[in-house]
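The data blocks that follow each hold one structure.
In what follows, chain A forms one complex with chain B and a second complex with chain C.
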Partner chain A sequence: MPDVSKMKKPDVKVVLLGDMNVGKTSLLHRYMDRKFKETISTIGGAFFLKQWGPYNISIWDTAGREQFHGLGSMYCRGAAAVILTYDVTNWQSLAELEERFLSLTDTALQDCIYALVGNKADLTDQQAQLAQDPDGQPQDQTESRDRTDTLLSACPTPPDSPASLSGVHKQVTREDAVALYGRILHYKGLDEKSSLPADKMCFETSAKTGFNVDAMFETLFDLVLPSILRKRNENQRSPTVDLEEYREVGSKRSRSGCC
Partner chain B sequence: MEKDNRQEEEAQGVKICDPPSDSNPPADTLATSLSLLGNHMFPDPSCRNDSADVNKDELADSRLPDDAAAEEPGMDEEPPSNQVTKLETEETDCDASSQPPDTETEDAAVSNDQNDSGEFVVTMLAKAKLEEQGIGVKGRSSPLLEAGPEESPAFVSHRDEDVTADSWRQHRKHVFVLSEAGKPIYSRYGSEEALSSTMGVMMALVSFVQSGDNIIRSVYSEEHTVVFLQKGPLVLVCVSSSRQSEQQLRGELLYVYYQIISMLTQASISRIFEHKKNYDLRRLLAGSEKILDGLLNLVDSDPSFLLAAVHCLPLASSLRDSLSQILQKAITANLVFSILIAKNQLLTIVQEKTVIEDSRLEPADVHLLLNLIGASSAFQAGEIWTPICLPLFNPDCYFYAYISYLDPPECTVCLLLLSTDKEAFYAVAECKRKIEEAMAAQNSLSLIAKAQSYSVSQVGVSDLRHFMYKPFDVPDNYRQLTQFTSPEMEAPYSSEEEKMRLLDLYRYMHSRIHSTSRPLKLIYHVAERETLLAWVTSKFELYTCFSPLVTKACAITAITKLLRWIKKEEERLFIRYPPKYSTTPNPRL
Partner chain C sequence: MSVKAFELVPAVERDLLMGDKARINIECIECCGKHLYVGTNDCFIHHFLLDEATSSKGKLIYSSQKLLHKYLGLKKPVTELRAASALERLIVLCDGIVFLVDMVTLETVPSAAGGGAKIRGVTAFCINENPVNGDPFCVEMAVLSSKRRTVQIYMVYEDRVQLAKEVSTPEQPCAVSVDGYFLCLALATQYMILNYNTGASQDLFPYNSEERRPIVKRISREEFLLAAPGGLGMFANAEGVSQRAPVNWSESVIGAAVCFPYVVALDESFITIHSMLDQQLKQTLSFRDGHILQDFEGKVILASTKAVYVLVPLPLERQIQDLLASHRVEEALILTEGAQRNIPKDKFQILHKRILQQAGFIQFGQLQFLEAKEHFRKGQLDVRELISLYPLLLPASSSFTRCHPPLHEFADLNHLAQGDQEKVLRCKKFLISYLGEVRSTEVVNGCREDVDTALLKLYAEQNHESLLDLLASENSCVLADSVPWLEKYHKYFALGLLYHSNGQDSAALQLWIRVVDGDLQDSTRSDLYEYIVDFLCTSSNLDLVWKYADWALLKDPTVGIHVFTRRPASKDQPELNPDDVITYLGKHSRALLLYLEHLVLERRIQKEKFHTHLAVLYLERVLSLLSELPANEEQLTKARERLQAMLRESDLYRVQFLLVKTENCEQLLLERATLHGKLEEHDKALHILVHQLRDFPSAEAFCIWASSCRDSAYRQRLFHLLLGVYLDGSVPGSAPSAAGSNGGEMEMAAVDLLNRHGEVFDAVRVLEMLPEGWSLQLLKPFLGRAVRASMHACRTSQIAVGLAHSENLQLLHDRLKERKKPILISEKKGCHLCHNTFSEPSVVCLPGGVPVHTHCVAQRARDSPTKRQLTNSSNHT
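Right, the complex of A and B next:
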């Protein structure tokens, strides 16, 4: 692969993981484009570059669908931070993190940072319904083309009407997330005391209103800086891309057993 | 050529359940029951009979000797001027010699001795329908009024539709996908859950017929055609009031199947169902509904699918060549296809030499790719990396597709690079960087932005309103990607309804030309509001639409002029010399 050496590689890799529909794409879109738009379920993974000071941070928005599960470990390879995303109104989405996604992070860096992010907090927490955008743009002017039907009742405009919390219940509490964070450290064989505290690494966000979104991404970016610096120092020699031994079967032009 | 016929071949490979007709006694009883069922499913007081009539006419005709073979539009029968039914036709010239006329009586799917239980299944099916839908209510809208595009911006979901509502039944074309075990996998309208018992019964019908060593192909009622397609462990069903031919509908189902394959591969689907017969495939397809919805909307609104050919954006050949060269230079190991797309049409395709030496990219695979791109519209700056199977190239393995827009935030120019290496993302992304640089240096983006589809007025033939021209293999470029060219649809075909109406006329002409029982070379068809002429030769397939009062002589002169114009513009209208590159000194393929 002659081209790889020439590749101006991003300094560090951050990966968004989590079940489909939890709002990974929406979170990233909110952060990068300051918008909340109707999305289409991600296929494969989408790669973004974010300038962070002098550094290039690459962010992989992955597909939560089981269909693409096989690719997960590839997206995670060499990751410095993994954002494990769930939907606060959906208990199963938290369970999936542990069952399906955690093992994908085995290919991440040894000192990879894990964040647990409970999205769609606007549906359950009044606080998260409030516009929270440093750019001062109106928040709920979502560009969603339709389908406000399901979201309508969660519309943040009248912030003092808790009755309009759409009848959706918070299924995952912060405590649940904190507990899972502990289990993740355990899984990784990390010592709780020397690791980043759950307190700091569990977030509740709303891509819809922007609540806590910038804070979450930027906390992480700051936390991976040391990893960037270390990588820059030791990088010069080592190859940039690990090739997995396993490869997909090449495309033979055989049409076997078609009916 | 041989691959162009794939769909038809498949369609012919299996037995045919004929439309109810006198010539078909064995199927009669069941057929009648089934059309009764159709009435249950789709109650409609205002029956129209024309479709049945047309079929009968055809049958009668096909017994006449067809010796008037000619490639010149020299017809003498004038159609009656006061036509009532819009599908009434007068074709004057036909040549069935190229393909032996199919006997329409061949193997009716169900024979007499199965009728008792057949009726039982039918009753079940009808009952399930009634249960799910409540008792039928009358009234239906014109299929044209709710046709494709205007109800189909890619984001509108029909998942939440009430399947008991009248409006649900009135959709012009339903498509269902189910597993052999009868598990619902996809429904174009309404949720699969709500429809699960219907699908179960559909499957019961299919497997009942199968048990008699037959394959159910289609069911006709006054208003609807129900077409079944079984592919491996999947059963696809289309319930259509669009008046398309069974063959066309089956072709569309095949596209749906291919799109599913493109996401999962045929091998893995077989493996899954071998393992677990009643696996719920929605687990793997969840989230892909929009891709299938988008495909079906395209199938309804984009003639590329009907013609099994790709549409490329007209472009000065010098510009197209320079773009091709840019792609040709930006390569990396295991890269096999580089494709540039603008406004959902092809700009150019460059392919790896060794991989595709003896094959070419099939139009259907390109359609699936274009649909995927349309449906995946990542937001601006993102670069997508996803596995994708090209079912006609190889249904069992994945390519890895790199998809990125070159002109954010407009996002009209899209680069698609296909690699066989799962890990090649960074290397392939680097190719994009190179392509971007080269395009910037040549100012390609602004040149591309000026490229447009053309107006039929450029042809300079006064009565010509629209046409579709599909050349067969460009002679000096054997095994070229099958393409077609067509101007914008302009007034009077500017509204969505009118566009769809014209497309329906084309579909009708196409079905006559490609009729399995009686293929035609030339059809001159006087419709109510326009006159159409379809012509297929060994070199091309052409569909033209004229203003209604055009005389046959005029139409023929016009076509001569049109062909001359196309010849002159060929370089601009088609990708003529797709270049190749070599990236795989030691191919793993």
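Right, the complex of A and C next:
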């Protein structure tokens, strides 16, 4: 359900990009509604408002379908974070990020942060099959637990390769994602050393079980906070002199001076 | 998913416009207040007066009256019409020419002397509804021309148009909308925002305007609605950012408008209505030959090729009610909350509350209690609305009537549950928890009685454990209503509590007594009897205590007496007069005894009356046990012990009185001895003990007891007395070794006494008393101790003398030492008496070594002749 309170002006924007069917909408549902439910391919786009402490974060769910591709730049305009989503069982979905979606982010903020999210990890990793969501739908949990149980009893020793659960193969490894992250930084003309490390910004998630979903969103929110604060400051900049602020700057200076 | 949000109402029928001329079509419309202008393809402008009325069914209807029509003389369709009402002009686009027409006469305005009133080569124009220049008699207009890739800004005056600005565009523009400085343009392959003041542009998104008709529609300040690929309606603001999610209308939209909170769009055969709040399609109206959809000052007007219609929004409340009627709670709330800014605040609050309440009831009906509760809480529901669903829960005295129109469709709980008892039960459980939560909050202000009474009834009916908590704490349960319910469910104990909290303690007691007596059944408390006793015990109503103590005592005197003995002592609790109680207890002998014990032994009340009474009761008990045959030894022993303890320990009872009572009883000699002892008739007592009872240990114990609080001389006297009794009783002259005989026994007792308590006796007197013939051997322990004691005393005193002597010597020594100290005098020192300095070595020393003149001392001695001279002369320098 979209948030009615959208009349409130959001402080910051986060955009989900990625090919159709990778699970962008499902990730948002899981995070916002704590549920995994049926989706239809998104038309146009949708957005949600998340209260994060005192801030309002708008999260845009975009449509991956080719038809709506042209709208991407506009959705990304002014974004503080972009979540580039792919499907770990689908190599092409990662390739599309580089070919089709990366250029859409040109309209995002200068210091926009990028996350690479490989969804549907439940299909390839046992670890991701365990529901992580403490308040998720019990039905979902039992479902996935049951499956894990049978699975564990079926193979007492973990399989050698992480691939092939329920007949699906992992087509994108974490290394592939990390490599892409490096190329994204390159594309953005960013220095790898001064940017957020790939380690921190590449996630594998499952909207189905909730695996890593909260962690992914919340890591990002924490990272965009500085951007929010700066934006607030800009908006508040007024002709009146803020004595408090001045003093703080002064005291900082003197502190650094003495050391 | 549908809502009825709008109704399509005919405004101008076909025959009013073109009659039966088939080739004539509507090309454009303009509405300004009640004035409707229609431009046709045969170059006519028609002017109508549009009147709004309400039909008998409450529906809005329009009637139009034709005022004028005018041929513009160009033989081409009238492409666009815009009113500039402040100028009383219509801006007309026809045959690529923009010109001005008088709004009333429809005459073309001739060009003024200074400048033209015509623009040629125009493909489209739009009016700036948020103009930057402040002149009210000037209209700002953006114009697209067929040849140039530019947008021109014109100022339109009453009789002329004037080019103000021209900005170029990267491609040929084909649609334009303007707000402030911001032009929103549809170019051949994309949309863009262009600031005509600064020239800054912002690409929005690609769109093929040749393939599909673009739409650029200003919907509010700096916000536009655009047709996007894939049949989307996209929102974009002047910064090029989308702040609302797009709606999915259709691929071939001809016109669109926003009528908050809906986006209305027209294609060839349908009007689609989407909510901006949740992006959902809410309503579809079929509309053949749709041609134009425009909004004028909030009024959405549509035209087919032949007729004009108004799209009338149904009142918001009606829409919300429709949603609620189909149980679409979520949507109804979104719609309500979305309308917040369009409704005055106080009106909104009332509406919002009501919708929340209704939503709550819908969810309640679906047994979604958690959600229902949340909505009731947010909607500040009068809880009685909910209570009134449950038959008979509201007290008869309640003034409550359900609100009108009703908040829900249920007659009552039974109607809601349709006979499903499981459902009924769940609803009741919910109400119990809900009322339990709200009853201590301000939500129930003004209806506390109704809420508490309802809760009481539910508790009683459901056998709920909190019933007693409710009644034991402060509550507002209505008595009249609660009595029958509690009776019905046999909650007599609870009912008693209710009586109590209503100040009807007597009723409460009567009821409880009937339960204890088995007339009524209520197993709430197995210890109800004790509870009643406790209740009486703490009751401040003494009448009640007097009235019901009898019952309690009859039931069980040992417990019943607590009514009197366990009354907490406090200032606001009236005191019971013990005399009254004793009188009251007259027929309850057991209780009386307990009460007296309480007074005498526990509270230690020092009153002769109580002590005597208690002693007499003990005595009577012993006497009655004695008279029983066969005697119950165990009880008798106990009773006597008690009596004896009483006789020994109390000093207040009337000894003589008791003595008389025991006079004829040979079995109570021990008691008599004690009584004599109390009277200090020790000889009598000892006589009884020694001669009648021959109980020597008791005799000895008697001496110790009778002298226990006296000095040693008293004790000595008693022991000598006992010794005398023993010696008198022995056969004089016979040796004490002859055991067995009476005399021998006494002698043995005497010997034992001496040997055991030798220290008490005055050995010299004893020796005088003892018969000559007694063997030393027998008395050895006594004598030994006596000698030792006397030796000890002698030596102790010698030590004391020695110590005193040495102390004396020590003091003497100190004194001498003190005296030997030299006393210094010089010419600089002064005499303490005359304060002059010393001039010669001979001085007198005052005690403490203070030197003074000899003559000064002499003088002093003379002045106070009574004073003895204390000074010693000294010659030391």
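Observations on the structure shown:
Here, the second predicted complex is superposed on the first by the 200 of 259 C-alpha atoms of A that agree within 3 Å, B and C clash if a C-alpha of one lies under 4 Å from a C-alpha of the other, contacts with A are read in each partner's own complex, and residues count from 1 in each chain.
FYI, a contact is a pair of C-beta atoms (placed from the backbone, for glycine too) under 8 Å apart; a residue touches a chain by one contact, two chains touch by 3 or more.
Not measured: the values here are computed from a predicted model.
Look at A:S73: by the touch rule set out above, it reaches chain C but stays clear of chain B. The partner of chain A that touches more of its residues, comparing chain B with chain C, is B.
Residue contacts after overlaying the shared chain place A:E234 against neither chain B nor chain C. Once the two complexes are overlaid on the shared chain, A:L49 sits against chain B while remaining clear of chain C. In the superposition on chain A, contact of A:M32 is made with chain B only, not with chain C. Shared contact residues of chain A, touching chain B in one structure and chain C in the other: 1-2, 4, 6-7, 43-47, 63, 65, 67-68, 70-71, 74. Residue ranges on chain C touching chain A, taken from their complex, read 203-207, 228-230, 232, 234, 236, 239-242, 244-248, 277-279, 330, 333-334, 337-338, 340-341. Interface residues of chain A facing chain C in the complex, by the touch rule stated above, are 1-2, 4, 6-7, 43-47, 63, 65, 67-68, 70-71, 73-75, 77-78, 107.
Contact residues of chain B toward chain A in the complex are 153-157, 160, 230-232, 263-264, 266-267, 270, 283-288, 290-291, 332-333, 336, 355, 358-359, 372, 375-387, 393-399, 401, 420-427, 429-431, 587-589.
Within the complex formed with chain B, the residues of chain A that make contact are 1-4, 6-7, 9, 20-21, 25, 29, 32-33, 37-38, 40-49, 61, 63-68, 70-71, 74, 145-147, 149, 240-241, 243-244, 247-259.
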